[in-house]
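Chains: A, B, C and D, in written order; residue numbering restarts at 1 for each.
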Amino acid sequence: MDVTEFTPTREQYAWTFGGVEPVRTVRPGSVLRLWSDDAFGGTLSSPDHVSSERVDLAHVNPQTGPFFVEGAEPGDTLALHVVDLQPARDWGASAVMPFFGGLTSTDRTAFLQDPLADTTWIYALDRAARTVTFDARFSDLQVALPLEPMLGTVGVAPPSGEVRTALVPDSFGGNMDTPEMKAGATLYLRVNVPGALFSIGDGHYRQGEGEACGTAVEGAMDSTLIVDLVKAGDAPAPAWPRLEDDEHWSVIGSSRPLEDAWRIAQRELVVWFTELYGLHRLDAYQLLSQITRAPIANVVDANFSAVVQAPKGLLPAAQAYGGLHRHLRSLAATL
Amino acid sequence: MDVTEFTPTREQYAWTFGGVEPVRTVRPGSVLRLWSDDAFGGTLSSPDHVSSERVDLAHVNPQTGPFFVEGAEPGDTLALHVVDLQPARDWGASAVMPFFGGLTSTDRTAFLQDPLADTTWIYALDRAARTVTFDARFSDLQVALPLEPMLGTVGVAPPSGEVRTALVPDSFGGNMDTPEMKAGATLYLRVNVPGALFSIGDGHYRQGEGEACGTAVEGAMDSTLIVDLVKAGDAPAPAWPRLEDDEHWSVIGSSRPLEDAWRIAQRELVVWFTELYGLHRLDAYQLLSQITRAPIANVVDANFSAVVQAPKGLLPAAQAYGGLHRHLRSLAATL
Amino acid sequence: MDVTEFTPTREQYAWTFGGVEPVRTVRPGSVLRLWSDDAFGGTLSSPDHVSSERVDLAHVNPQTGPFFVEGAEPGDTLALHVVDLQPARDWGASAVMPFFGGLTSTDRTAFLQDPLADTTWIYALDRAARTVTFDARFSDLQVALPLEPMLGTVGVAPPSGEVRTALVPDSFGGNMDTPEMKAGATLYLRVNVPGALFSIGDGHYRQGEGEACGTAVEGAMDSTLIVDLVKAGDAPAPAWPRLEDDEHWSVIGSSRPLEDAWRIAQRELVVWFTELYGLHRLDAYQLLSQITRAPIANVVDANFSAVVQAPKGLLPAAQAYGGLHRHLRSLAATL
Amino acid sequence: MDVTEFTPTREQYAWTFGGVEPVRTVRPGSVLRLWSDDAFGGTLSSPDHVSSERVDLAHVNPQTGPFFVEGAEPGDTLALHVVDLQPARDWGASAVMPFFGGLTSTDRTAFLQDPLADTTWIYALDRAARTVTFDARFSDLQVALPLEPMLGTVGVAPPSGEVRTALVPDSFGGNMDTPEMKAGATLYLRVNVPGALFSIGDGHYRQGEGEACGTAVEGAMDSTLIVDLVKAGDAPAPAWPRLEDDEHWSVIGSSRPLEDAWRIAQRELVVWFTELYGLHRLDAYQLLSQITRAPIANVVDANFSAVVQAPKGLLPAAQAYGGLHRHLRSLAATL
């Protein structure tokens, strides 16, 4: 297989989906080994660093990419299989930032109260134990937590000529911030522009569902991906990001209010089930009502994200996109 | 232990939290063996039955209760431990009802579109296999799904003299519709009136997170509970329903929009962590941001419900309410 | 005409809609002259008074009533015509209360930030000039504002056996907090229980749309009303509060999020226009899209309220409820 | 004064804010006379035309512009004074489009119901009477409505390198769809990129507040504007669009849910009042709570918009941006 390795220089960081020239062209079926910086661009490396002095909210989530996928045309489906995610630094950072996060007023939910105290936590990585350690700042507790690497941000260029900040998730993917975006998962995204122009970033060494304080254990990441393409003639492109792993069929919806994010995901999974099982949409609606998991992804970005998942283990076997996920799992096993 | 057995007559069904005379008085530490009817009062027993002809939305979720708990005073904490839940019928029912559910306009999200087709699905129970079977109505699929019994509705009389329909969840519990309300769980609720006046109902043989179509596999239920009480002097009462099982510390928030339900739950879990671990609230906020699960409960009731959970397995040991949950688990094992 | 005068003793204050015995029985077509206390029960009478010491959120908006209307049955329409509203004290009070209001986190939009400073403003009334005067607390400005008396809270007992706090607006009316509820307006409410059991309270000497800080210029009020009744056989009862004055056909929707309150009001006005003008609902939807006013009522209560209004001046003449509003206006002119 | 006249060719239509080369450079203080096409690009000119056959939602609201303002730098404030708006055609069009509008499910509030019937209404303009006439499609009513021309869409290039569709309002202005954007109003917008790059479009011959069905009486428009600039050193730029006319100080907030749009507007008006009157923010919060009007703008776009207004007539005289609005009114009077 073709292998593309890429580590951006700081000048090559991309801050948006769309509006950026591709850094490389890749072929469907090829492998990418990518380095991405953390959400803060590495600026928070000590508990003494505060975000208000070091982080510019217009420049967070630096993206590695975009990559031009040969042959990708609007209406096709891009498949990104996450083979492996490994921390690229020995520490991760998390912060409570002024007027950013889930339990504070923000520029969108705009109140008159004072901000929470601008605070940074540094998590030390233990590679052998595969843990990151929470170290309380104002009280007395240390807890080693399992490393569970994931990518906060994966997306393609948006439709309608838009260019969107890497902070906002939407139908093109982006900053969905779900722990489901981990090794073993295949993400399906509608291609909106020639070449798809996908990028990744915002690695998390671990994250709770909801990403409550607004930041995960943010860390530079070494990612191994396989990219593939399903042509429009072979399958309709999904309206919203679909995610397949060995255990679940999932959809990620992003909007506000949060119920709209959930509605998008639940409805798109109904649509997917009419495709996978030939079900009438009311039967799909009914069946999914009894089996879905619905883990919240983030309640902190400009759009909130919700995941709706159907467990494969409860269902008859089915194939999406010609069994592409299993194919990519097999390929990944050879790397 | 004292054991109270109770099966309501149809005239004894309660439709509200508050506003109903108690059916029995029970002592803290005693056992209840209760029968409850399904959400539809048993009226939908065939796929030929349609909700618009048989279900009155002002009379759904018939409650078994309320029970007056001796010694319970406002400010105390009521503990309800679910020992066992067993289907009381050989079938469950689910329905897509006009203008009710998660993927349809409703009386609250009021649009001009026509309703979805009024449709009922009957799920046959296989007690030996412990499954309920989905049988598609408009297409061709049968799927046997594991029985996972839970209670949709558990609550106490509300504060401020209110009487609230059994359809609406709020700080007093009620129709939270979360699969986490299952055998092995202990629910902690603030007592708002003398005697607490709790009731249960709306048994589900299983339910997906979100309860997308508005109804689970609704079924009459035989429930075994242990009731207990924590006096105000021993611990502050929780502002919102807290749930403890062997794996998680959880809070259930209910409001609209859905992000407010999540905010309530996430914030109350922060408060709980300041109590459990002596953490500063910003440290609790940070730690929980990296470890919480956030499964949506329902997006269909007059208030939506979201659950936020912290896995005990990631954390140092801690005790809530003097270790009451472990105590109740031990008692339950003797039954 | 029959005239009922009533000033409640403090023990007679009602705090809920539903759940309270009627204080008087009145006949349709009769006049009521009522005194109501302010939202704080008169406890904030000096800028030195702070709400956290004097106001119990479980006891605000004391209601005068409820009144049992002879012959009122569920499904009928209660008409309440506001003849006159006059301040009953020489001052009004307003407060920024901790965790209450539109630009602060609350128990529903639950954040971790500190509350705003608990602050009270007293507005002096000038009866001759018909003004109330804003007097800045932390800066230097005095502004005399026109007296525009209105009732924050008007409602009937809810359906489904519910009892609801006088803080929350819903389909039964209640704490809608709209400046449109002023002299000259006729409110139409669905009767849910025998006798309707309406009450009023929460007088405002004036209020901005949205009631941003959570409290208006709160003041005790002398209200003159005419009560009337439309039997179910003569007209279908409105699903949500309808308001008619000489200038507008209006509906008040109450829910969360705010768009749902608006949707309710806009949709119910579409329904009303199919009744008033025999319009197809899509034509009513279209016409109203071009002519409605949509002043926000409150963004601070447990449900938010939005008003949608169609200006009579743009439309052909039409009659609701047999021309009842005009009839009541004529009667009012004789008082 | 400099006068720039510009009518775009169809190839020059802009569909986004940002991402488009300027069509002209203009000097602060100069006049623009602009023609803009209607939201549908003129494709709906008969009631027999249906939007699903003729309207591409990725190409609506064609913009006239953008214009590069000499000397405009990020952090400056752009002032756009609307001198005059005149219909450029003898008819306007409005449509109920599938899955678009305020009383229907959409791609964001995603349900499973069928769409409303795709329907177009054509409004004939009577220039002498200055009316547009509603003509019912499915029932029998004709109503001549006063012409009240306004611009649905006015904005500048967004910050952070974004390019945003002309369908979505945000802090950069855009598709705010408020009737307040009419002749006599001055809009203040933060400049985000060199030259500001503002554009206008989406003329409405009239529109109700909320724009309920998703479309106003859409019409091509001849607009006369004066553009001006306030340098960053002279005044801080507004975080959100501010609007001044002879009667009101206004702010337009755009977000979801609708309460967040309102919160943004209400809060920004508090900030503006601290600037205009030297008020403490709590005093501004209090005063505005008693005097604001809060007309909803739109509940149909990807972000909803709410306007919050303070009536100048209730307040002491004050000047924003050195009295720029009055100056522009004077200039306009000389045209």
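As a working rule, a residue touches a chain if its C-beta (ideal position, glycine included) is under 8 Å from a C-beta of that chain, and two chains touch if they have at least 3 such contacts.
Note that the structure is predicted; figures quoted are calculated from it, not measured.
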Greatest separation from subunit A - chain, by CA centre: C
Selected pair, greater C-beta contact count between A-C and A-B: A-B
Chain centre separation (subunit A, subunit C; CA means) in Å: 47
Inter-chain centre distance, subunit A versus subunit B - centres from mean C-alpha coordinates, in Å: 32
Where subunit D touches two or more other chains, by residue: 103, 109-112, 116, 256-257, 263, 267, 270, 282, 285
Subunit D - residues contacting subunit C, complex: 94, 96, 102-103, 116-117, 119, 121, 134, 136-141, 143, 145-146, 206-217, 256-259, 262-263, 266-267, 270, 277-280, 282-283, 285-296, 299, 304, 306, 308, 314-316
In the complex with subunit C, residue positions of subunit A that touch it: 103-105, 109-116, 257
Of subunit C, residues touching subunit B in the complex: 15-16, 18-19, 58, 107-112, 159-165, 239, 253, 255-257, 260, 263-264, 267-268, 270, 281-282, 285
